[in-house]
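Listed after this line are the structures, all set down as C-alpha cells.
Okay, so subunit A shows up in both of these, paired with subunit B first and subunit C after.
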Partner chain A sequence: MSSILKRAPAAFSILKKKFQPFVSSLLWMLVVVWTAVTLTFIMSRLIPADPARLAAGLQAGQEQVEEVRKQLGLDRPLLEQYANYLSGILRFDLGKSIQTRQPVIDDIREYLPATLELVFAAFFTITFLGILLGVLWARFPKSILSKSLSVFTVLGVALPVFWIGLILQVIFAANLKLFPLAGNLPYSKYQVESITGMGTIDSILSGNIPAFKTAIFALVLPVTALVISQIAISIRLTRSSMASELQKPYINAARARGVSEWRITVFDALRNALNPVITMLGLQFGWLLGGTILVEVVFSWPGLGLYAFNAFRTFDYNPILAITLVITIVFVVVNQLVSMLYPVLDPRIKK
Partner chain B sequence: MITRVKIRKLVQFWPLFALGLIALIVLLPGVFTTKDPYSLDVINRLQPPSWEHFFGTDEGGRDIFSRVVYGSRITIGSAVLIVSISATAGILLGAIAGWFGGRIDGFLMRVLDVFLAFPYLVLAMALAASIGRNMGSAILALTLVWWPSYARMVRGQVLSIKNELHVKVSKTFVTSARQMLLWHIIPHTRRTIIARVTLDIGYVIIAITGLSFLGLGAQNPSPEWGLLIANARPYVLVGWWYSVFPGLVLVLIVSLIVAVGDKLSKETSW
Partner chain C sequence: MKSIKLLRIGALLSASVFIVSCSTSSDDGSLDSMPVTAVYSNIAETPTLDPAIIFSSDGFVFARNVYEGLVEYKPGTVDIQPLLAESWETSEDGLTFTFKLKPGVKFHDGSDLNADGVVAALKRIQEVNQGPGSFMTNISDISANGTDTVIIKLENVDHTFLGKLPKLPIVSSAAIDANKTDSDPLASEWFAVNSAGTGPYKLDNWQRNQAINLVGFNDYWREFEDGTPTSVVLRVDPDIATAMQLLEAGEIDFMGSVGPDDSARAKEMSGVQVLESPSYYGQIMPMNVTRGPLQDVKVRKAIALAFDYQGMVDFYQGYAEGSTGPIPTGFSEKIGERPAYQQNIEEAKALLAEAGYADGFEIEYIGLKGLSYFEFAGTLIEQNLKEIGITVKQTLIPWPEMAAAYSSRETAGDISFLNMSAFTNDAGQYLGQAYLSTNTGDKGGYNWSFYENEDLDSRINALSQIANPEERMAATEQVNADIADLYLAIYVTQPKLAQPVKAGWTGYYDSLDANYSVRFFYTRYNG
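Coming up: the complex of A and B.
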C-alpha cells in the first residue's frame, strides 16, 4: 500500500505529461469557440435591422413588436443579453429561423450531414490526389505530367470555385449529360431511409445499389469543382517539400544500401516531407467549408451552404450566426485533430 | 544585333508589363471599349459573340465585353483597397509587436492566433451579411479577416531583422521608436511584403467575387465580375458566353497577378 502511495506522484506526473497537450489543446479550442460566440453576438447587434421587428414579422404593429422584444429579452441590458445568449448556446438553443419557422438547431441537424459529405469527399480526394501528384512531380520533374502540372497549379489558384461549377454544369451535365445538373440523392424516390443524412452512406446502409450509384453521380460534379479550385496548393507544397527531402544525404545513403527507388520515395522521403503538407491540409479544410457554400449554391446541394444562402437573401440572421458558429467549431476541431497527427507521423516532434 | 539582347532584357520585365496593362484597363476602361456598360438594348438580348459584341450580350442586351472592362475597376479596385488597408494595419501592428516584444507582443499574438483559427471566408460572409449587403460591407468584412496574416508575417520579419548589424548601428543615433520602425525596420521588409501583396490581390479578387456571387457584395446593375457570373447563372444553358467570358477574364487576370507574385517572391535581385 505504502509503495503505491510513494509511486503515486511519479504516476501522476507521467499522466500529466501524457495529457497536458490534450488539455491545452482543449482549452485552446474553448477559447476560439468562445471568441466565435462573442463575435456572432456582436454581429447580431451590428445588424442594421431591428431583430424584434424581424421576428415579429413585417405586418406586426408597434405593440406586437414590443411584446416580441420582451419575449426575446431584447429589452434587457446588453450584458444580460450576452449571458442569455451564452446560456442559450450551451443548451443548443440558437433561436428560430424566420424562413423555415423551425429552431435553427433542427435545421442545422438536417443540413449539416450533406455539407460534411461534400467537404469530406473533396478533402480526401485533395489529400490523396494532391500528395500523389506532388510526389510524381518531384520524382519525375521532366515528364509531361510535371510540365502540365506546373501550368495547372498557377491557373488552379486563380479558378473561382463557383465559376468552375458553372462550367462543369455546362459541359458535363447540360451537353454530355453524364451527371445530374444539380441536387442530391432523392431519398423518397429510392425509398432510402435517412440515417446519417449523407446520401452515399445511407444508400449503402440500406443496401440499395441503384441509389448508391445515383448518390455517387450527384457528388461527382460538386466535389470536382471543390477539388479543382483547392488542389493546386497541396500539389505545389508536396512537390517542394518532397524535392528538398529527396536532396538530403539520407536518400543517397539509402540508395547506396540498395533500397529500391520506390521504397525510398514512399517510405523515406514522403514520410519526412509530409509535415508541412498536413498543416496545409488542415487549413484547406477551412477553405473547403467556405467554398462549399458557393458550390452548394451552384449545384443546389441541400446543405448548410444553401441554407446559409437562403438566409442571406431573406435577412434571416439567426441561421447566419449559427452557421458561422458551427463551421468555426468544425474547423477548429479538425485543425486540432490534424495537429495531434504530427507526433504520430513524425516522431522527432515528440521531444 | 541590338534587338536580341534588348528583347531578352525587356522580357525579364514582363511582370511590369502585365501589371501595367491591368492597371491601364482599370484606370482607363474607356480606351478599351466604346460601348456603355449600363445601357439596355432589350431587342438584342442574349446575342452570341460577334464583331459588334466580342463577348456577346446579356439578358438586358448590354455589351458583356464592356461590362467586364468596366467591372475590372470595381473588382480589382476593391481588391487593391482591401489589401492595402490590411497590409498597412498588419505591417504597423506586426512591426510594433516584433520590435517591442514582451507583453504587447504576447497579447497581440494571442489575439492573432484566435483570428487566424477562424475559417476566414465564412467569417467574411457572415460579417458582410450582418453589416449590410453592399460593396462597402464586403470590403470591410474582407479587410477585417485579412489583416492578421500580415501582422504575423511582418512580426516574423522584424524579429529576424532586429539583430542585424545595421539595426544595431542605427540604434546608436536613432532616438524614437517611431523613427526606428518607419525608417530602419519596415523598409527592410519591403521585398517580402511587395511579393505578398501582389499574391494577395489575386486571392482577394477570388474572395470578393465569391461574396458578390452570393449577393453579399456588389448589387445590380453593377458590372462587378462575381455579380456578372451570378447573373449569368440562369442563362447557363441558353447563352454559354455569358458565364464563360467574364470567368475566363477573371481567371486570366488573377493567374497573371499570382504568377507575378510568385516571380517576385522567388527573385532576390531587386
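Coming up: the complex of A and C.
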C-alpha cells in the first residue's frame, strides 16, 4: 500500500510529462480560436453598417427596424452581446442568422459538407500532384516539363481564381460540353438521399452509379480552378527542398553504394525534403477553406463559401463570426495534426 | 469580350434543347399532359419563405407564385383585377371595403379558403409587422361576415388602397393553427421554411443555396393552359457571368437582377431574347440639402444642368431613356410629355456664378461598390462637375455601409445614387418614398435629400384621398412638377425593364415587385 502511495507522485509526473504537451497545445488552440472570434466580433461591430435595417427590408419604417433589432438582440449593450456570444459558443449555439432567422449552427451543418468535399478533393490533388511535379522538377531541372512548370506556377499564382474558373467554364463546359457549367449533384433529380451532404459519398452510399459520375464531373472544374490557383506553392517548395536534399553528401554516399536513383529520390531525399512541404500543406488547407468562396460563387456551388458570400454582402454578423470560428478551428486542428506528423517523418524531432 | 465570342460559337454548336421536367406530380393527369419547366436564375436566394417578411425581388418571385392576394395587378399593367376576391365594394365615405371571396379555392395543405382564414392571414401580416406590413398601417379593422365576405376598414380615406392588396399574400390559417407554438404564436418558424398558399405552384423542396423547386398545384382553381409552366425552378447563380453562360447553354429560361448593360450583351446571344416589360422605376442622384452650397436651389439646378444625361443613356446601350422628373413616365401620358433633362454647361456655370460659387467647391459622392452603373454615374458626375468648377470626391462602399451612412444627416454624403421603384400603382406613394419628411434617411426612409416641407407633405398625403382617378393624376402631375423645380435630385435616367429570357417564352416581369419577379402562371412557352 505504502509503496503504491510512494509511487503515485512518480506516476503522476510521468502522466504530467506525457500529457503536458497535449494540454498546453490544447490551451494554445483555444487561445487562438478565442482571439480570432473576439477580433472578428470587434471588427464586425466597428464597421458602420446596420444589419437590422437591411433585414427589415427596403420599405420598413423605423418602428419595424427597431422591432427587428430587438428580436436579434442588437439593441443590447456591446459587452452583453459579446458575453452572450461567447457563452453561446460553449453551448454550441452560434446565434441566428439575421437574414434567414435560422440557427447558424444548422446552416453551417448544411453548407460545410459541400465545401469540405471541394476542399478535400482540391487538397488531395494539390498534395499528390504538387509533390510529384516538384520532385520531377528537382530531379530533371532541364526538362521541358520543368520549364513549362516554371511558367505555369507563376501564372497560377498571378491569375485571380474567379477568372481561372470563368475560363474553365467557357472552354470545358460551354464549348466542349465535357463538364457541367455550375452546381453540384442535383440530389432530387437522381433521388439520392443526402446523408453526408457530399455528393460523391452520398451517391456511393446509395449505390447510384450515374449520380456518382455526375457528382465527380461536377467537381472537376471547381477543383481544377482551386488547384491551379494554389498548387504553385507546393510544387515550388517541394522542388527547392528536394533540390537542396539532392545536393547533400548522403545522397552521393548512397549513389556510391549503388542504390538506384529511384530509391534515392523517393526513400531518401523525398522523405527528408517533406517536412517544410507538409507544414505548408497544413496551412494551405486553411487557405483553401477561405479561398473556396470565390470558386463557389463562380460555380454556384452550394457550400459555406456561398453562404459566407451572402453573409458578407448583408453584414449578417452571426454567420460571419461562425464561419471565422469554423475556419480557425480547422486551421488550428490541421496544423496541430501536421506538427504531430513531424516526428513520424523525422525521428530526430522526437528528442 | 473574347469569352463572349467563344460563348457564341459554343451556343451555335449547341442545340437549344428544352428541359422537360419529370418531377411534376403524377396523381393528376391535367398537369402532366404537357409538362413545361421554367428555370429562373437569380443572383441571390430569398433568406425566408415567409410571405409576411419577404420584401425583395428574390423573395417576391417565390411569394407571387405560391401565394395570392385578394386582388392582383394584371400582368404587364398597373390595373387591378380580381384574384381571391371575385368582387368588392367601397363604402360612400371611402373607409370600408367589402370583398366577396371566390368559392371553391383550396390551399396547398388541403384546407378551404374562407373569410375567417383571410382575416387571420391578414392579421398575421399586421402582427409580424415587417416587409408588407408597411402597407397595412392605415387599416383600423379586418373582420369576416359569414364565410365568404371580408370587411376591411381604414382609418383615413385612401382611394389607392386596392393597389396595396396584391402585396398582402394570404396564407392558410389552418397551417398557422397547426404549426404555432406558445413561443411562436404566428408560426413564423414554420413559414420561414414551409408554405401553404393558394397559388398555382406549391413548394416541392428547397435545396438551400441551390434551388427552390415548385410544382404545379393539382387543385388550383384555374386551368393550366398549354405552354404554361407546370413546374418552376428558382435557382441561385451568384455570378451573373455564370448565369449568362447557363442561359446561352439553354439550362435556364429566365434571369433576375440583370442590369440594362448586361441585357445589351444578352441580345447578341443566340437562342436568347430580351423580354421588355413596362418599367416603373427611375434612377436618381439625391442631393443633400441640409448643408453647404447644396442648400441653394440655384446650385442644385446648376449641378443638374451639368450632368450628361445622354452619357448615361448611352451607357445602357438603348435599354434606358431620359427622365422627365421625379415620377417615371409610365405613370401618365402627361408626365411622358414633359421635356427630358438635357445637359447645358453654360447655363450651369452662369447659375453657379449667380449663386456666388463661381470658384466652385468640393462635394462628396457616395455610391455603391461593385455595381457598374453606380461607378459609371460617379465617374460621369465627377467629370461633368469639374467643367463647372466643382470637385467631386467619390466614395464607393458596399450597400450595408451606404444605408448606414444615410441613416444620419452627419454621415450622409452630398450626392448619392438610388434606384427608385414603385411598389404599387399609386404615383403618390412613389413620390412619398423620396420626398416626405417622414421618410428622411435618418427615419429609415429614402428621402436622401433630407428635404422637409410640411406643405409638400400634406400635398403628397392628400393625393390618395382624391376619389376621381383623373383628378388624382392631375394633382399628382402638379406635385411632380413642383418637386422637379426644387432640384432635390438629378433625375438620371429611366432604365427599361429588359431581361434576357430563352427564346420561345412570352410573359412579363413585374416592375411593381422590385422589377425582377415573374408570375409564371402567366408565361407561355411555345418554342
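In this text, the second predicted complex is superposed on the first by the 298 of 351 C-alpha atoms of A that agree within 3 Å, B and C clash if a C-alpha of one lies under 4 Å from a C-alpha of the other, contacts with A are read in each partner's own complex, and residues count from 1 in each chain.
Heads up, the rule we're going with is that a contact is a pair of C-beta atoms (placed from the backbone, for glycine too) under 8 Å apart; a residue touches a chain by one contact, two chains touch by 3 or more.
Because the structure is a prediction, the values reported are computed rather than measured.
Chemist: Touching A:V154 in the superposition: subunit B (first), subunit C (second), both, neither?
Modeler: The answer is first: A:V154 touches subunit B but not subunit C.
Chemist: Just subunit B (first), just subunit C (second), both, or neither: which does A:W287 touch?
Modeler: Once the two structures are laid over each other on A, A:W287 reaches subunit B alone.
Chemist: With the two structures laid over each other on chain A, which partner does A:V31 touch: subunit B (first), subunit C (second), both, or neither?
Modeler: In the superposition, A:V31 touches subunit B alone.
Chemist: Which of the two partners, first being subunit B and second being subunit C, lies in contact with A:L116: first, second, both, or neither?
Modeler: Neither partner.
Chemist: Tell me which partner A:F331 touches in the superposition: subunit B (first), subunit C (second), both or neither.
Modeler: first
Chemist: Touch check for A:S44: first (subunit B), second (subunit C), both, or neither?
Modeler: Touch status of A:S44: first partner only.
Chemist: In the superposed arrangement, does A:Q169 touch subunit B (first), subunit C (second), both or neither?
Modeler: So A:Q169 meets both subunit B and subunit C here.
Chemist: Pick one for A:L306: touches subunit B only (first), subunit C only (second), both, or neither.
Modeler: In the superposition, A:L306 contacts subunit C only.
Chemist: Tell me the contact category for A:V298 with respect to subunit B and subunit C: first, second, both or neither.
Modeler: Both subunit B and subunit C are touched by A:V298.
Chemist: Both subunit B and subunit C contact which residues of subunit A?
Modeler: The answer is residues 47-48, 162, 166-167, 169-170, 174, 297-298, 309, 313 of subunit A.
Chemist: With touch defined as at the start, can you tell me which subunit A residues reach subunit B in the complex?
Modeler: On the subunit A side, the touching residues are 31-32, 35-36, 39-40, 43-44, 46-48, 154-155, 157-163, 166-167, 169-170, 174, 286-287, 289-291, 293-294, 297-298, 308-309, 311-313, 317, 320-321, 323-324, 327-328, 331-332, 335.
Chemist: Would you pull the subunit A residues touching subunit C in the complex into a rising list?
Modeler: Residue list for subunit A touching subunit C: 47-51, 53-54, 56-65, 67-68, 97, 99-102, 107, 110-111, 162, 166-167, 169-171, 173-175, 177, 181-184, 186-189, 297-300, 302-303, 306-307, 309-310, 313-315.
Chemist: In their complex, what parts of subunit B are in touch with subunit A?
Modeler: Per the stated touch rule, the residues are 114, 117-123, 125-127, 129-133, 202-203, 206, 209-210, 213-216, 226, 229-230, 232-233, 236-237, 240, 243-244, 247, 250-252, 254-255, 258-259, 262.
Chemist: Where on subunit C does subunit A make contact in their complex?
Modeler: Interface residues on the subunit C side: 3, 6-7, 9-11, 13-14, 23, 44-45, 47-48, 53, 55-56, 129-131, 133-134, 137, 188-189, 192-193, 204-205, 207-210, 213, 235-239, 241-242, 245-246, 248-249, 251, 398-401, 403-405, 407, 411, 423, 443-445, 514.
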